[in-house]
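Only one structure is covered here, and it is reproduced in the block below.
Labels for the chains are A, B, C and D, by order of writing; each one numbers its residues from 1.
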């Protein structure tokens, strides 16, 4: 039975690690400027922890194979606990230090720098169970949001007040996030009811919506196409179906899109 | 901390021998059968297994001592209860080895069989370093124990008379329950109160072993450090054997001696004078 | 002016109507009719196209984008989806047993406004390939909120207190409808051209009420003497926002 | 250490030192830590079966979305509704984390064996102890009751993020009475665990027997002691948090609810609260809770392994140091659950550093276990197999922590099945393996009968392979961006992953079925197993010095054992290869 265990651990380890190594299932292609950093960080970690994983599992398997049912005199691991402590502190310590240093840089690039000045600002409203996106319109100003004005029935998802608020009249509200390619996008994220999250795997970006907070999030898409935005923060019964699309377009297409939206 | 494997032990031994080996020779070693014990490796084991009761200095003041009765042995005095050697002399390494292996019934001293013979020999070597006596004196020569005669009712009765005559009962009590008149007054070599041995307890073992030879040895060598004296001078070997056979009858067991005794008492019980002060003087 | 005229006529006709009332059910069965069109003055809010991008299975059912149904207007300032019913002068009969059917189709409620009598059974169907949740938000009846995955049997329910209940689907926030739970069986909803018709009214003195989810209510008094058709014009004040 | 406390405590316990009479006092409202320990374990057994069935239903639905799961969807007889799925998920998480992973290894085994292992006659505060169980029991009943209230139990997940959990029924089905009952249940649970933790701490510090110095306590005792210190702090934060949540729900306060929320076009009257406050309070409890679940596992494994490797565990002091270090660090890392919650991104880095550092003691412990198997005289039993299995799954689950500890990678992996795989391995499965190992190891002492080893080995083999088949794939689909807590996967990019979900479902049902072997073995051995010798595994710690199995009411039959060395004395080369902690005879 000890031998069985050793073999099983061996097989499980090889198979598990192999599936990772050969990318049987893997991240979708990256289409954002900062995504590369994350992928690199992920691969680094994958290699480091992969080695640790295989090494310790196989060591376990080998030791069990050798010692199960043995009746000979016991042997103490050479050096006792010291090598263990050293290995852990040095190897893992270095790994941790490296990952932190490099990783913090990537993280900082994502979340700790201001969006560039030329960033296109899009206002995002998350609600049970949909995302809505608002563009400032020709006047470049966003109308004020008044919760009491919110009416899904009349497509007033942001609670605009065109009657009295002139800046609100030309705001463009869409259920799709259309953005120009290769241009920094700044999302200002609001939630109207409960916590939600904004997640686009291809953009390698994810951020919670927190009711009561306006959270900035910026990224730059590098490839045109249509990708799914999904909610990753449990928000109620429709959570699984809370989604929208981000359409990355050429500048001309985007200008065109804005026009058609404005005319409605 | 726990790698006391043979390898490590030997390594440590090697080092320690280089350091201290030459100066203090014999006191650092023990010889049990063909095993040679070494104090250096004994010290590691002592620190691990013994220090809790006997204390780092071997003076019997380990952290557990406060709770233990009888108190743990004080090795610095060089007095040991269970010996094969005459009273006042040092025990042989074998004696210490046996005592350690056997454990002391009715005390907190465990049976150390789990430790390899080599380890126990090492411990003996180390224990000896606590008392200067071992570096100055030689151990006594073990007393000779003549072959045991068959137990007879006459012998037992003679033994009983001896028990009365030598006033064993004053401490151990008429029935050997350790409840004699002077029992409460006894103190050991460290003035700690000590209770005379109760033959009915810890059966079938005695403090220094379970065989008749062990019992014989007990009172022919005395338990040094306790009020139990040696009766080597008062007793002839034959009397001693009679006494052994009588003591056996005090154990709540069906020892051959007890059977003989019970059989006799059943018929002649009435003739028996009770042990005790009444007929003491006559 | 005209209204007072009608009132006078009504006054003269009272006796007759009483007789008619006694005269027996066959008259009532035929009964009179109130018809008319609902119109508005002022500017109604712009109907906006609904972006169903979130739900492709629905979006692909609509060649042209669906418009919001908050205020559906027709040519000649007519107003659709207005509930017209007899709010006074009518004795409510027992609730009919044949159920009202309410569909969720292409991520829309069909019809937008469902009229039912208090206690009348209501059947809600999900004809879509996605899961909806039906969330009526009543004030008097008890509120509930249930998901209905595709291909599951209809939800059977009913409301026993009369009120106008706004209905929504949280999964598709744009979906919005109305359950008009009324105390009368004489009720209808104005069509795309704003026209409506209430039939089978016994001679009597009635108050007709028109209710619009945005613009509130308008009422008119009507008297039915026999089997004639009375026309009423109900005009709402529309506001753009 | 003789403190005044020690004497008072001793007196307190002396007071009741005659066995109780009558069925109720003996088996139901018993003050005996052994009975209470068994009660905890039985409660955990009921809870784990419930939680497991719930997970089957979820997996069934995910694997076969259109399967009609019959009566199980209350809202709809023929198919599971999204809200019902989330309700199952919430209840599965809550039941498993609180009523299985916390009660079984900590309150259950701890109650039974901590006093014995330190040589005490009972817990320091037997009445608190009884109270702690019955409060916990009440909490469980409250939680399960929410299945039967209108609109069903809570669906906001075991983390109950506000405002979804705080706003009330406007937020959707399950957010009505069900959510309130959830909060009440957890508040009660906290009270129960606080009483338990106090008891464990007092017992460990003040009721140790002669010679049982801290350094001589078994690893399991150390783990339970550390755990109870963690628990004392963690639960005393969750308790007020739950009370605030209840107030928000029933008393109209706004601790967690900000102003101007709109539900169904209605503006809510609440204002001034902070959703992040709940997240901070919850995770300040929540992360230590992970260690409350796993540290007893550490202790149990370290306690059992030497008995089957027949050699001392490597670096016992290092191991204990690591457990304490982990306990301490567990309070500095809660923010790694909130990297993307909108808190200051700088704090994410501050939280990620200790999170990565905590992997060092964890790695040391793991290596110590593996190193202790080297050159052993390994005896293969159900118990030892589960110890080895524990090491393996702990490695598999712990490794993925490297990824999630880094904010940058978490930006991609947060909220995906990668996380689900990670914590199920490291917290769920590993802790369960600890529980299994403890059960097979201690059952003889607890019930005086041996369990069936053959069944035990089968149980292990099937379970071990099974859990890898369930939880490893979760990492893969997580990498592919598969979002968690979805009742069905309608997004285009998730379609290719559906076969994997089917596979995991089958594996889950298969593994679940394997547990029936365990339940059968458990119940059969309880009544029909061969009588257990006093020390069947030749182990050293005090529970094996008790005169009988199960031990008498006062554990040591009126005597107080004197401990002469630590519990790690295996591999001696004499007639026996181990030295009992209480070798003395008097």
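Just so we're on the same page, a residue touches a chain if its C-beta (ideal position, glycine included) is under 8 Å from a C-beta of that chain, and two chains touch if they have at least 3 such contacts.
Just so it is clear, the structure is predicted and the values come from calculations on it, not from any experiment.
Among the remaining chains, those touching subunit C and also subunit D are A. On a Cα centroid basis, the chain most remote from subunit D in this structure is C.
Counting C-beta pairs in contact, the chain pair with the highest total is A-D.
Rounded to whole angstrom, the centroid-to-centroid distance between subunit B and subunit D, based on C-alpha atoms, equals 52 Å. Averaging Cα coordinates per chain places subunit B and subunit C 108 Å apart. Taking the mean of the C-alpha atoms as each chain's centre, subunit A and subunit B sit 77 Å apart.
Rounded to whole angstrom, the centroid-to-centroid distance between subunit A and subunit C, based on C-alpha atoms, equals 47 Å. Those residues of subunit D in touch with two or more other chains are numbered 81-83, 172-173, 265, 314-315, 488, 490, 573.
Each of residues 74-76, 80-81, 127-128, 151-153, 236-238, 241, 243 in subunit A touches at least two other chains. Taken residue by residue, subunit C touches two or more other chains at 130-131, 133, 145, 147, 166, 168, 170, whereas all remaining positions touch fewer.
The residues of subunit D lying in touch with subunit B in their complex are 210-211, 213, 312-317, 562-565, 568-569, 572-580, 583-586. Note for the complex: subunit C touches subunit D at residues 130-131, 133, 135, 137, 143-149, 151-153, 166, 168, 170.
Per the touch definition, subunit B reaches subunit D in the complex via residues 1-2, 48-50, 52-53, 63-64, 67-69, 103, 105-120, 202. Every residue of subunit A that touches subunit C in the complex is listed here, in rising order: 127-131, 151-155, 157, 161-163, 174-176, 236-238, 241-245, 264. By the touch criterion stated above, subunit C contacts subunit A in their complex at residues 45, 48-55, 68-70, 130-131, 133, 145, 147, 166, 168, 170-174, 176, 213, 240-241.
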